[in-house]
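Both of the next two complexes hold chain A, though its partner changes from chain B to chain C.
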Partner chain A sequence: MQMNPVLTIALPLILAFTKIMYRRIANLFLVLGSLLNVLVVFFIKEGQYLMGGYAPPFGIVLQVDAYALYSLLVLNVLFAALTILVTKKAENLTSSSLIALAALNGLILTGDLFNLFVFLEIAAIAAIIIASSSKRYHHAFHYMVASIIGSTFYLLGLILLYKQYGTLNMAKMHELMLASPGGSSVAVILIFVGLAVEVKLMPFSGWVKGVLKNADEWIGPMIGAIYGGAMMIVMGRLFTDVFVVSPKVTLLLSILALVTLVGGEAAAYDSEKMREILLYSGVAQSGLEILLILNGYAALSFILILSNMMAKYVMFLLSGYIVNAAGTDVLGDLKGLFRSNPFLGFAFTAAGLSLAGLPLFVGFFIKLNILYNLMMSHSYWLPAIILITSLVEGIYMLRMILGLWQTGLEVQETGIQIISPSNIKTKYAVHAITLILSLAMVVFGLMPDYALDLAQKARGNAVADKPAMMIGMKGGPGQ
Partner chain B sequence: MNIIHLILGLFLAGIAAYGIGRLKPAAASWLTLAASWAALLILFLGGDTLAGGNAWGLLAFKMTPLGWFFSMTLLFVYSTNTFFNLSVPAAPTRQAAYPMLYLISLASTIGVFSAENWLALFIFWEIVLWSSTFMIGFGKPGRGSIIYFGMSLLGSFMMLFAILVMGTAYQTFEVKGALMAAAQSPGPALLVFLLMLFSAMVKLGITPFHIWMPEAYHEAPDHFAPVLAGGLSKLGAFTALMVTSFLPASTLMAQPWQVRGLPLLTYILLTVSAVSIVIGTLMAIKQEDAKKLLAYSSVANSGYIMIGMLMGTPMSVSGALVHLLAHALATTVTFMVMAAVARQTGTTRMDELGGLLHRMPITFLAFLTAILSLVGLPPMLGFVSKWLILQSLASQGLFLVAAAAIFGSIGSLLYAFRILSTVFLGQLKPKHRQVREAPAVLLIPLLLLSGVTLVLGIYPYGLVQYTAKIENSLGFADTVQITGLSIQGNNGNLNALLIMGAFAIGFLIALGIFLKAPKSRKVDLMDTYTGGEFIYSPELYSYSTNFFAPLERVYAGLPEISRLYEALANRVRDLGTLVQYLFFSPLPSRTALLISVVTILLIWGEAI
Partner chain C sequence: MMELLSLSLLFLGMYGLITKHHVLKMIVSMNVMEIGLNLFITSLGYQESHLAPILSSKFPSSALNFVDPLPQSLVLTSIVIGVGTTAVALAFAKKIYMDYGTLDLEKIEGRL
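The block that comes next holds the complex of A and B.
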């Protein structure tokens, strides 16, 4: 059986609007809709899907390659898991959540640059509604301002490109840009800035702090992990498969990415609150991801995006629940919390250690391969900077995790249950989902070859001159 | 049975120990004991020819004499320490993870010592790092575990960088092959050499990377500190020795500058190690806490090990290896004794202790043996190693370094005597009248370890012979020589048995005098008065605070290196604050401004 990928966009959209008539079972719409989407994703085959019967480059196409397919899978699974967990919070947000899902799927699938803009706007509106559910309207407004400026820039860039090349189709655009490079740098920069607002690149990321430092278990994973990941996938798509960027622009944008990496890690090091640490570390990670994307490490950036997305998802989700239970996310007040919650503690720890790139977890092999490939292109200073930021990251990550365990003999157990035992359904669901994700990080940490191979196959031929040489457990080149 | 089975078995035993530990903590401790002793037995019987095996390609193993020596040393420390795990005070907290982490770190050390390529070595190295970090966290609350982690991570990343440089420049990750290739072609070899050595120095706790040692040792739970101090720091010596023998500085930097026939680089590193001895000794003399004192003693002793390896002569390398074993055995005993004392009295602060000799005589004997070995007095193993190292320093003509080494030995007498006299000698504090000897289960490892120290000190020939074998496998042209019962030095030979004989005669004479002479009368601590007034608080009688005050005053103003690291950390914090202020303001207008201005700048930058 084969399904049309447009279903992953259309289905949630239809449900989002029909739901209005059935307010009582709104939650059911959300959960079923997102589960149905996961099911659909399993039956999507790779290929090009025309919309409305017009052949490209005139009509809109959905481009389903391995890159889009794996991203869709991870995104929809994470989204569905979240809807199951946080039904209470999502009650008033059913429509906007379903719209968000549709828009994010559309962003990943579309093969048309203007279509992408439409999805970008829809996704942003949905995200603003989701962010305002915390009742901190000031921060939601901040996000709205930033994202409107961003999408305006995107549109401006798009207009310039259309004027120059006369097409909005991604594949066609790529061909034309290859044929006549140069001249489109301003447009590329504008589009980059438009997306950079969404992927939290400094200095465009002023909104992130307000939205995520107060994030609950619904906003955190949604904006911090799922949205960030999906937008980064789009960034990877545009700056690997579509645009031909001049070396000078690459250098300029890489500097921004590097500043983000360094600044983000330093800001996280400076924070004493759990969610602030997570959000700054997310900012830093997106700097690294963009650095890889811009410099043509497509496979590596892809696997880094997906693994970061999962790790951040677990950590934001748990931090949301922790704030609910303890009433604070100041690390000093949460000492010994995990001792009463060993399994959730394990999940959080595994995600954190994987983010920090420690062995036995998948993050290690990703980081190792990044460094190895950067060094293979005869650069020593870039790996050195990445290692120094990793050092900072490792220290604050372990400081947070050790504090949360605080296993020492002289500290009293807080006795706080992260998820109240009376809420058995949520308790088991959260345990199951976070443990599955963290065990996946261990399993892929022990057997990274499969994941690395998949990433290689999905993105290996995206950039011809930068084939990644992957070191997995099977050994690497030169073995 | 091959190495993979051994490592995998220990990993699985660790996971099993977690499951069991949640139900029945004592059973998990017994499992750790059984698993580690079984591993020790397998490794001992298998010898250095134990089959390697290949799990996934990257994780390939091969036992070498050097790896076997290190694995045996660490396994011995780990498995004797399992007796202390048994005595974990009835934990008020869930510590089920402790046995698991213990076995995982044990398995990983074997992985480090038998890995065939650098990446596998690094993976295990890091697993040891984070598992031990969590184990330190089981102790006193504080910054110790995170300082340990941060410094070690700095070291690991230096090593990773060097590994990747070798991997990219020479297209191989093989442990020996990569270093040999680096030795062949200069290129980035110097970078590799320095980074590798620095990372080893972090682990060994050589100045200026030693700041984690006192903090971590002090905070580590008493039943883990012996492993941390006696075992884990030796990982650094392993990589350092491989680097200095396969990629010697003499091939890297033979020209243009030489000091006394050694490349300048080697001489500088030797000086750093000598400084480490001096600083470790001076700081140890200053400490009020026995565990911190012993930590600084480790800093000093690592200096000896490093000197032996850097000199790279057969005799010095043998000295380094023997000293490594001697230090591992002795330090483990001293920390175990502290654990036993802490268990019986509840403190390791020296000014709160005293006169325990009468209450814990066997513990005292074990401690005496270890201290004598640390100081380097016959008939203990520490004497043999210090003799070897000093011999090679003298024959190389490195008198300044030798002077530091001798200073360290004399200084160690001072601080070792301090623990001895303040914890075990002197008068018993009234509150410790009820203290008893440590339970038998804790005395077993103490007697085992100090017995080995003594036996090897009297008869070190087999051990030295084995270091000669290691030197052979490391490609040394000639090795340390033993003829009959004397180890050959350049200006004198060492006959340990003869020394033992002389020592025994002296001991017998002293024993005769002791038995013949009139006995001393035991005076209770409170059996005194001052200026006609009786004092009722025993602490006021303590003579152990500021024990060496006149000496300490000489170097009281010495700057502390930890300030430098603190300053660095604060700069990172400052940068973070700045970034938060500049780019994460709550004002939407500022975000809008930033987006616009930076976009304009980007477009402008593209145009010029």
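The block that comes next holds the complex of A and C.
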């Protein structure tokens, strides 16, 4: 049985609008819609799907390759899990959430640059409405302003590319850019800047602090993990499969990514609040992911994006519940918290250590491969910076985790339950979902070859992918 | 000439959006910026002495010298999106005023 990928966009959209007539069962629409989407993803086959029967470059196409398929799977599963966990929080945001799901799926699937702009705008408006559910409307407004400036830059760059190459189809655009690469640098930079707002690249990430520093268990995973991951997947698609970027522009944009990496890690190191650390760490990781994308490491950037997406999802989700239970996210006030909540503590710890790239977790093998590949290409300053920033990340992540376990001599137990024992359904659901995701990070950490092979399969034939040299448990390259 | 004028309108709007702190002034700047961008896109599709891309009894063939219709259709979509974002922005303006009694974002940040 095969299903058309357009269903992952159309189904949530239909449910988002029909839900208006059935307000009493709005939550059911959200959960049903996201679960149906997961089901549909399992029946999608790779290929090119024409919309309305018009062939490219005149018609819009949906491009399903292994990259899109794996991304869709992770995104839809995480989204569905979140809707099950925080159904009540999303009660008044059912339509926005379903529209967000449709737009994010569209972003991953579309093979048309203007269609991508439309999905970007829909996704941004839905994200702004979701962010405003914290009732801090001025922060949501700031996010909106940043997002509108970003989409203006994107559209400006897009129309300049259209003027030069006469097409909006991604595959055709790539062919034409290969044939005549000169003169498109300004347009590519404009598009990069436009997307930089959404992927939280400095100096365009000013909105992130306002939205995520007070994020609850709904906004945090949604904006910090799901949205961040989806936008980075789009960035990976454009700057690996579509645009032909000149070395000078690559260097310029790489500097921006490096500033983000260093600045994000420094800000996270300086912070004493859990959610601030997570949001700045996310900014830094965005810098690293873009650095890999720009330098042609398509497979490594892809696996890093998915792994970070899952780790940040678990950590933002738990930090939301922790603030609900403890009333604060200042680390000094949360010492020993995980002693009363060992399972959730394990999930948070595994996600944090994987994010920091410590051994036994999948993040370690990803960073090891990044460093190895960079060194093999005779690049030394870049691996040095990545190594130092990873060290800084390891220090603040361990400091946070050890504090939460209170492993020092002075043993202290807060007695605070992260999830109220009376709320049995939520308790089991949160335990199950966070533990499954954390265990996935451990399993992939113990069997990295499987994860690395999947990434290689998804991105190995990517246009800009550097020769694959993957280190897993079996040892060196060429295995 | 048209391209330059529309681009200056775009950057004028962007300047207002970045430098102003009053929510309504920012929304007006946002609209100026969007109009500048839409005009720029339309001006790129325009060609001197070409016809409007509409088939009629007077111009029944697509082989005639029509201007490129794609930028115009892009602008249509862009206008619709612009209206949507303005509506959401105005809703936020109302909520911000109800919560803080002012539309000046600097004053609001100062209070927090």
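As a convention for this text, the second predicted complex is superposed on the first by the 470 of 479 C-alpha atoms of A that agree within 3 Å, B and C clash if a C-alpha of one lies under 4 Å from a C-alpha of the other, contacts with A are read in each partner's own complex, and residues count from 1 in each chain.
Keep this in mind: contacts are C-beta pairs under 8 Å (C-beta built on N, C-alpha and C of every residue); 3 or more make two chains touch, one makes a residue touch a chain.
In this text the structure is predicted, and so the values were computed from the model without any measurement.
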* To do: Tell me which partner A:E121 touches in the superposition: chain B (first), chain C (second), both or neither.
  => second
* Asked: Should A:G150 be classified as contacting the first partner (chain B), the second (chain C), both, or neither?
  -> first
* In the superposed arrangement, which partner chain does A:W218 touch: chain B (first), chain C (second), both, or neither? -> neither
* According to the contact criterion defined above, which of chain B and chain C contacts more residues of chain A? -> B
* Asked: Touching A:A140 in the superposition: chain B (first), chain C (second), both, neither?
  -> second
* To do: Examine A:I159 and indicate which partner it touches, taking first as chain B and second as chain C; both and neither are also allowed.
  => second
* Should A:M376 be classified as contacting the first partner (chain B), the second (chain C), both, or neither? -> first
* Now for A:I129: first (chain B), second (chain C), both, or neither, which partner does it touch? -> second
* Structure fact -> Shared chain A footprint, chain B vs chain C, residue numbers 138, 141-142, 145, 149
* To do: Please give the residue numbers of chain B that touch chain A in the complex, ascending.
  => 55-59, 89, 91-97, 117, 119, 122-124, 126-127, 129-130, 133-134, 137-141, 145-146, 149-150, 153-154, 157, 160-161, 164-165, 167-168, 171-173, 221, 572-573, 575-577, 579-580, 582-588, 590-592, 594-596, 598-599, 602-603, 605-606
* **Residues of chain C touching chain A in the complex** => 10, 14, 17-18, 23, 26, 30, 33-34, 37, 40-41, 44, 70-71, 74, 77-78, 81, 84-85, 88-89, 92-93, 95-96, 99-100, 105, 108-109
* To do: Under the touch definition given earlier, write down the residues of chain A that touch chain C in their complex.
  => 114, 118, 121, 125, 128-129, 132, 135, 137-138, 140-142, 144-145, 148-149, 152, 155-156, 159, 162-163, 168
* Structure fact -> Given the complex, residues on chain A that touch chain B span 138-139, 141-142, 145-146, 149-150, 153, 185-186, 189-190, 193, 197, 202-210, 246, 248-249, 252-253, 256, 262-264, 266-271, 280, 335-336, 339, 342, 353, 358-360, 364, 368, 371-372, 375-376, 378, 380, 383-384, 387-388, 390-392, 394-395, 398-399, 402, 405-411, 413, 447, 449, 471-479
